[in-house]
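Please see the structure below; I have some questions.
A, B and C are the chain letters, set down in written order, and residue numbers restart from 1 in every chain.
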Amino acid sequence: MDTHKLPKQKTDRNANAGIPGLEGPVPPPSFAYPQAGPSPQAALDPVLETRNLCVTYRGRGTRQPDRQAVKALTLAVGRGEVFGFLGPNGAGKTTTMNVLLGFINASSGSASLFGTDVREPIARQRIGYLPELTYYYKFLSAEELLRFYARIFKVPKAERDRRIDGVLKLVDLEPSRKRQIKTYSKGMQQRVGLAQALINDPELLILDEPTSGLDPVGRMRVREVIQRLKNEGKTVFFSSHELGEVETVCDRVAILHQGELKVEGRVSELARQHQCSLEQLFLKVIGYAAQPLN
Amino acid sequence: MRSARLPVLILVALLVFCFGSAAWLDLWFQSWQGNRAQSADLLNVLLGDSRKMFANHFFVKADAYFHSGYYPTVFDNREAFQTPHMAEDSGTVGGRNKGDEQAFLGKPRDWIDALSRKLFPSRHTHLDEGGASGDLGNSSGVREIMPWLRISAELNPNDIRTYTVSAYWLRERMGKVAEAEDFLRDGLRANPDSYEIMYELGRVYAENKHDETRARNLWEAALAQWEKQEAGKPDPERALRFLFVEIISHLALLEEKQGNYPQALAYMERWKARSPYPAAVQKYIEEVQRKMSSAGQGHTDQPRQSSAMAP
Amino acid sequence: MSNIVAVSGVVIKELYRRKDFYVLFVLTVIICLIMGSVNFFNDDKIVRYLKEICLLCIWICSLVIAITTTARQIPSERENRTLFPLLAKPLTRTQLLLGKFLGCWLACGLALVCFYTFFGALAATREHHWPLVSYLQAAMLHWVMLGVVIAFALFGSLVFSAPSANTTICFVVVTFILVLARHLNKIALHLPEPRRSVVYGLYYVIPHLELFDVRDLIIHNWPPIAWNVCGVAALYGLAYAAAFLISACLVFRRKAIN
């Protein structure tokens, strides 16, 4: 359904030859835990890729030093994967997503979507993004909002109505499509967010804490959507604190801590290797020691 | 319960204090000199003395309307006068307003100035001569200045010129004699000693209503007021002398028209003494003397005594 | 281009769904009808004062709509976090900014159509004639002026920290230009150097918004302006609008949005 030609995806890993800092083989991440390794699929056909990505926030004045939010992050997500991007608060997950979405520029390193540098607007043609806090134009109805976003994605007019009907039905907002968003509950606004993320039939869906603030029914709906997308061969990249959900739906996970990639691999393999659940591994990675109760 | 009642009690106490203070302060406020609220006029209460400034602004606005939107700003008036007309308009130089210069603003100083001349009124016109349309036969546009004159009079009832200017245009160009008379009477109520308004009212009766008796009464009253207010001064201003000449000349011509030649002569002598054109007045005097001779009245009748004939 | 038009459509929808325009329009109508009901010397043909009051209301209302609508566009997008899902689409910041400008400008244009239609109807009830060409020229020049003001307000919304500060500064600057800009060259003549050069420099640099204020020509029934003069004035205004927009784009590209 994608009617736009995109630049040919780069599969040659020496494509970065000549670019300062990126010559030669990719250095291994600096963490102590054994890796399950990147999936062969990701290595061949990365939909989302970062190489030595660094993001530094400049401090204000002399009292506030510069803060490195992301340190030499190298990541690859293959086509059709459901990838969980985990870490405690302040680990650098949102900063990484902001770079991928073009909101901020990386201090060094590179990031690409479908082989296109993330700084190019066309890189976002085939993605859908659901932010953690879902706010949309309150004076628009759900249908008008989707029509607006569909126009930005240059969805043909004939196709537009069909897609809008489809996503509204998917997120169960069909009865409220003509009402202004300011009359919606939080759950409905979250569903509008999901609808706008799907309006362009994206091949990659980036979700930032998709189940945050939702009731169990809402969370189940989100899980169903993710599963459905996975069945359709789409790629899902999402961050979450709900490790139980991540364990259920994700193929691979990465755990970030203080800007560094600590663990990456398939969920099942990590559990087998470390002989513990994902939650226990997470706590171990971030160095959390349980306090004795007495 | 106690804690719930305490805020209510405090509130009641505060209200009682406020009402009590207001009752005590009100007595003092009524006698306060600066208390505008005693005035019955809403504008006086709202604006105070600054209403005079607004009144002057609206009078100037009426003048701007008379010139179809073009009026020199304070910045233009600071410039060396481009033409004698500008000098006269600013009040610096006396003379007769011709209104015939084409290059009123002078040459454009830069391209922005040149462009702006085409986007705002930059040609001198008068509303009684057709205004911007240039139709010299059309004088009805003068009505457009009336609202501003009315508002000016409302804001400052003591500005005499507002009444006299309005009355002139109302009766001369708009044919609204009754409205002119009513307006002048409003002005006279606010300014009972104004000889200008009496004179203008006299003109309404003489020229429009053809009631010469009332016109004479009004002009005599105007002359008496002028004598009372201005004659004692060592050198009354040119404008005031001009007004005296206007009053006395109208009285003189009225008396001549009604055949009261001695009275007319008496006025004409006084007119000649103050007129800038005594030779022209002398011709009037000679004409009246000729009429007196032919009527055979020169040696018998004395001029009618009036309050205006005070030495 | 279609992205720009899509963003502008949202801005126009916002204007007619908010109450600002309706309140200001109704206020204008009420003021004009009250002033029109006043009797001045029993003459019902007096019309110019009414035209002046109506046009003054239109100018004030249009500036309020233009500046307040524009000043809150980018800041409210950032504050309400609607900017993020928007920029996550294949939309550049330049397209977003141009879309906001076009939307505000078109929205103000629609508001002007309503206002000037009311003005024309009001004047026609007393004058019994309709100088359409003059009204069209006045509306067009007014619209171009609003374009300059909107571009300036948009630039200000990226430079100043708060929308209230931007709004206040825009109103002050626009009022200063409308009242004094025409006379700066005369003021400069009376100043010693170096102040004279500074004021003259300011005179040439600032956009002369008063060039677009042709109310006096409409009120006093002056003949229509030559079309080439209108064209030059329009180009002058559009050049300034473009300059402000380019500056805004350059600032926005470098600005962190979170």
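Here, contacts are C-beta pairs under 8 Å (C-beta built on N, C-alpha and C of every residue); 3 or more make two chains touch, one makes a residue touch a chain.
Since we're looking at a predicted model, the values are computed, not measured.
Chain contact topology: the protein chains form an open path, each linked only to its neighbours in the line. If you compare A-C with B-C, the chain pair joined by more contacting C-beta pairs is B-C.
Look at where the CA atoms of chain A average out and do the same for chain B: the two points lie 81 Å apart. Centroids built from CA atoms put chain C at 43 Å from chain A. Centre-to-centre, using mean CA coordinates, chain B is 40 Å away from chain C.
Residue positions of chain B touching 2 or more other chains: none.
Interface residues of chain B facing chain C in the complex, by the touch rule stated above, are 65, 68-70, 73, 75-76, 78-79, 109-110, 112-113, 115-116, 118-121, 131-133, 140, 143-144, 146-148, 150, 170, 174, 176, 179, 183. Taken together, the chain A residues at the contact with chain C in this complex read 98, 101-104, 121-125, 127, 129, 131, 133, 135-140, 144, 148-149, 151-154, 180, 193, 196, 206.
For chain C in complex with chain B, the touching residues are 38, 40-43, 45-49, 141, 182-183, 185-187, 189-190, 203-204, 208, 210-214, 216-217, 219-223, 225-226, 229, 232-233, 236. Those residues of chain C that touch chain A in the complex are listed here as 2-3, 6, 9-10, 13-14, 17-18, 80-82, 84-85, 87-92, 256-258.
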